[in-house]
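Chain lettering (A, B, C and D) follows the sequence in which the chains are written, and residue indices restart at 1 in each chain.
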Amino acid sequence: MANPLAEYLQRLGDDRLVLGHRLSEWCGHAPILEEDIALSNMALDLIGHATSILALAGAVEGQGRDEDALAFFRDGTAFRNALLVEQPNGDFAVTLVRQFLFDAYSVLLWDQLSHCGHEGLAAIAAKSLKEDKYHLRHSSEWVVRLGDGTDESHARTQRALDTLWKYTAELFERDAVDDAVAAMGIAVDTAALRSLWDGLVNDVLQRATLTRPPETGPRRGGRTGRHSEHLGHMLATMQSVARAHPGARW
Amino acid sequence: MPVPAEDPALLAAFEARIAAGESIEPKDWMPERYRKQLTRMMSQHAHSEIVGMLPEGNWITRAPSLRRKLSLIAKVQDEAGHGLYIYCGTETLGVDRHELVEQLLDGRAKYSSIFNYPTLAWADMGVIGWLVDGAAIVNQTVLAKASYGPYARAMVRICKEENFHKRQGYEICTVLANGTPAQKAMLQDSVNRFWWPALMMFGPSDTNSPNSAELLRWRVKRKTNDELRQRFVNLTVPQAIALGLTIPDPDLHFNEATGDWEFGEIDWSEFYEVVKGNGPCNQERMETRRAAHENGEWVRAAATAHAEKQRARRDTAAA
Amino acid sequence: MANPLAEYLQRLGDDRLVLGHRLSEWCGHAPILEEDIALSNMALDLIGHATSILALAGAVEGQGRDEDALAFFRDGTAFRNALLVEQPNGDFAVTLVRQFLFDAYSVLLWDQLSHCGHEGLAAIAAKSLKEDKYHLRHSSEWVVRLGDGTDESHARTQRALDTLWKYTAELFERDAVDDAVAAMGIAVDTAALRSLWDGLVNDVLQRATLTRPPETGPRRGGRTGRHSEHLGHMLATMQSVARAHPGARW
Amino acid sequence: MPVPAEDPALLAAFEARIAAGESIEPKDWMPERYRKQLTRMMSQHAHSEIVGMLPEGNWITRAPSLRRKLSLIAKVQDEAGHGLYIYCGTETLGVDRHELVEQLLDGRAKYSSIFNYPTLAWADMGVIGWLVDGAAIVNQTVLAKASYGPYARAMVRICKEENFHKRQGYEICTVLANGTPAQKAMLQDSVNRFWWPALMMFGPSDTNSPNSAELLRWRVKRKTNDELRQRFVNLTVPQAIALGLTIPDPDLHFNEATGDWEFGEIDWSEFYEVVKGNGPCNQERMETRRAAHENGEWVRAAATAHAEKQRARRDTAAA
């Protein structure tokens, strides 16, 4: 692990870049016009956060890579996002459940990081926290609406939850990178994070009349570049123009 | 088309208000024809914003830098916002949004033909901003002085955002024009594809525009199609020259006497084919919108069902 | 038109490369194992033909581009395939109807070109003709089977035919490139081609109990790089690895 | 597991034939357990070919040269062919292909766990050919001497093709190993991901392999899992060294005395998790196969309906 801080920042940045990109795939295809706007808003916020974080990651890394170099010129196995955020959009239930599970995590994480010992990161965290709170409100409202809507929407939402649940454990795993940045003042209390997340998620699932799935067969690997096959296809599209014109300015 | 018989006194008063440059508001009396024409124009405009999300949306996932990706998403989002805003405007005329959406999806309503052309390269994101938003602004700046208050006010706001989009588009073009040979070629090819369709955005020539006379008298329109088209060409040609681009029109030349850039004959047969539904993407655009609508049916049903449950719970709690 | 022969060969090559690529997207997803094999076979043949033709096109062009440079390093607007072959796979009916409409054209075209005045092209044509005859047999058998199968398969196949028909006229259009290569001894009698194709197609449609759609609103533009939006997405995927490693050997 | 009672005389004769190295053919008497074991092994093998199309199929659309694209399609097509061929082999044991496909799709049947690992880079197409086909060949070369004739003959043919695939895979690796730094890194990362799963392809250690003893006696298998695994490692490590690759096993070392490359402890908990269905791609693989099957339902129905119509027409014509 050459540079744990750069690695840690890439994880933070890639989560948001990949999820923001997934949301942007909805643009023009949402079930109602208001959701075209709302999903675009969340995409803008997340890609905006990713831009700041990856710029910082590149600076910390010190090898001359800016945020665009990191976004458009890394292969899939160099991405460090959690598997949850790269899962395909599926139907609206999959997208909103994925969003809710991530938002709950992200809000709690930013809340801790906004007090961390790295000034630049703390500032990004404070700004992102404010915006992610809106996302969480939006996604949890939809989870409740869909879970406690019609029989069909309930079934779709429960299925989405069952499918995506195995990717949530990864969000709370710690490894040497986390320990190394903790020693640098970027200390996240993972246990507290997990327990607050559990409470928050349980509350929304209950209001949504959804059943929390059991913890079986968790999937992991995103933090070390072992992704699902979905990410590569997403990046093939995302990077196509940039890669077709190496060295060009846009 | 049978014109409904209107009370001559009311009609005269209405036309006098228009002539005096007054603004017509939703609660004011207006001739049925005026209401119909406005509904037609405003709903076409709203539909155009919605369908217009698709050609640009097609490149969101491929935008070549994070900054461009953000501004493209924001632009398409603005278009959704404009659509929503104008649909609200049509509601002041007593027409429901859902009815209008149905008309779009079943093919009864029209939208701007420009969106039936495909986006085939990143440069199209620049050229659409520059030429297509540019043409829209020329149209809409005049509509912002239209006699119907809600429409005019919507246009003021929309024009402001579209001016921003146009500047952004032109900036994309500037970067490409100063970029690699491949980028320059991509830009020129895009201009070759969008130039004539952009000119067609102003509609048929005045001699073939059935609605124009009445629309002008009622100040729904303020300029003829040909006047607006010429204004657009005059604005745009110098910008193309500044970018080192060739306009794909061998007949284009500057008339020193009039100060106009005079252009060649528009291929109206292409225009009418696209209007008829035979443009390169008409079917794809409608299929995409219909698929979004149909795939969203269960979501809308869930939202309604949930709202009803909530209401019932509140009622029970209150009882 | 710098080099009409190179241009003409690119049209021939791109038709087969793009259609072969579309067929290869089915691999592992066909309705029966035998069709996984059959569709792969056709993909192999078509991409094989494309390889020979594009190699020849590159040689004729004389700018140092080989078949891989042409396949992997041209943007969408530089492709010269007809719009028909780039249309997405859709369901099995769309794929097989698209294949049948193209095969009928391709067999008749190769038949003429195998007697043309360009030795290299005539040889490719003769070889390709042999293989495409098998494709035509396979695709026309399926069109008959699906058209004259169940109500559902009939409806799907008629719908596929109605959707794709507007792309067929482009196959028979002539422009300055055709005239220029005709003057070089590569003379295709387009009128005869069209009339034989009509007969062949009518016969199969009749056996398939399908209705030939009317000729309305033909789509064109592929031969001059004015494609549908589908091609760009296909190429983003197809070219992703090659473009990510410019200059690499594989 | 209750062993069905077999006629002792027949069983003795059968075991004598096996011991004499004779080949058992479909019409020969065989113990029910033998039939069952063979059906299990052959159907697992066929399923593995079918599911095995997916990880490589995942890169067909992204192969970086036309030549590689052609050979990858051909390889995946061969796997479909192998699947078909072995399904036919199981039919000689009285089991229908459709029944086996149902067992695969509803999750009752197993297939090789290696295919539950994702393919994440082009280099995986080389490494799968080299390591995964390489391991399969070590297994299958022995199976080609299995006592059941149809299976042994299928293996002879399949091994021949897989040897070709393995050489092709190794050649891809060679090019990458001699390529750009990015290509070399891609290759090493792929080896890091596939090395251990490839070792797991030989199944549990002999001490934990419940079926092995009987299978060996009946010459369905000819070597133990551990023997085959060691043979594979001994073959492969020198090839990795030749490519300048690092095997991701710090305990790997050469034992001068035995001539074996001794390797570290396999993570059997990972193996059993993947077997249980919790591998990285188990669910995706099954969803993909089920989707292909369900989306193809109407096609198969159409083919059946058409064949029946044809038959009815022939019958009418003949009458």
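Structural remarks
The rule is short, and it goes like this: a contact is a pair of C-beta atoms (placed from the backbone, for glycine too) under 8 Å apart; a residue touches a chain by one contact, two chains touch by 3 or more.
In this text, all values refer to a predicted model and were calculated from it rather than measured experimentally.
Counting C-beta pairs in contact, the pair that comes out ahead of the other among A-D and C-D is C-D. Here the spacing of chain A and chain C, counted between their Cα centres, is 42 Å. Averaging Cα coordinates per chain places chain C and chain D 35 Å apart.
As a whole-number value, the distance joining the C-alpha centres of chain B and chain D reads 58 Å.
Shared contact sites, meaning residues of chain C that touch two or more other chains, fall at 75, 236-237, 240.
Residue positions of chain B touching 2 or more other chains, listed in rising order: 62, 182.
Chain contacts here follow an irregular pattern that is not a line, a ring, a star or a complete set.
On the chain C side of its complex with chain A, the touching residues are 75, 233, 235-237, 239-240, 243-244, 246. Taken in their complex, chain D has these residues touching chain C: 50, 53-54, 57, 60-70, 73-74, 76-77, 80-81, 83-84, 87, 122, 172, 175, 179-180, 182-183, 288, 291-293, 295-303, 305-306, 309.
Residues 55, 58, 62, 118-121, 182, 186, 189, 193, 273, 276-278, 280-281, 283-284 of chain B are the ones that touch chain C when the two sit in their complex.
For chain C in complex with chain B, the touching residues are 75-77, 163, 216-217, 219, 221, 225-229, 231-232, 236.
Of all residues in chain A, only 17, 21, 24-25, 27-37, 40-41, 43-44, 47-48, 50-51, 54, 67-68, 71-72, 91-92, 144-146, 148-150, 152-153, 156, 237-238, 240-242, 245, 247-250 touch chain B in the complex they form.
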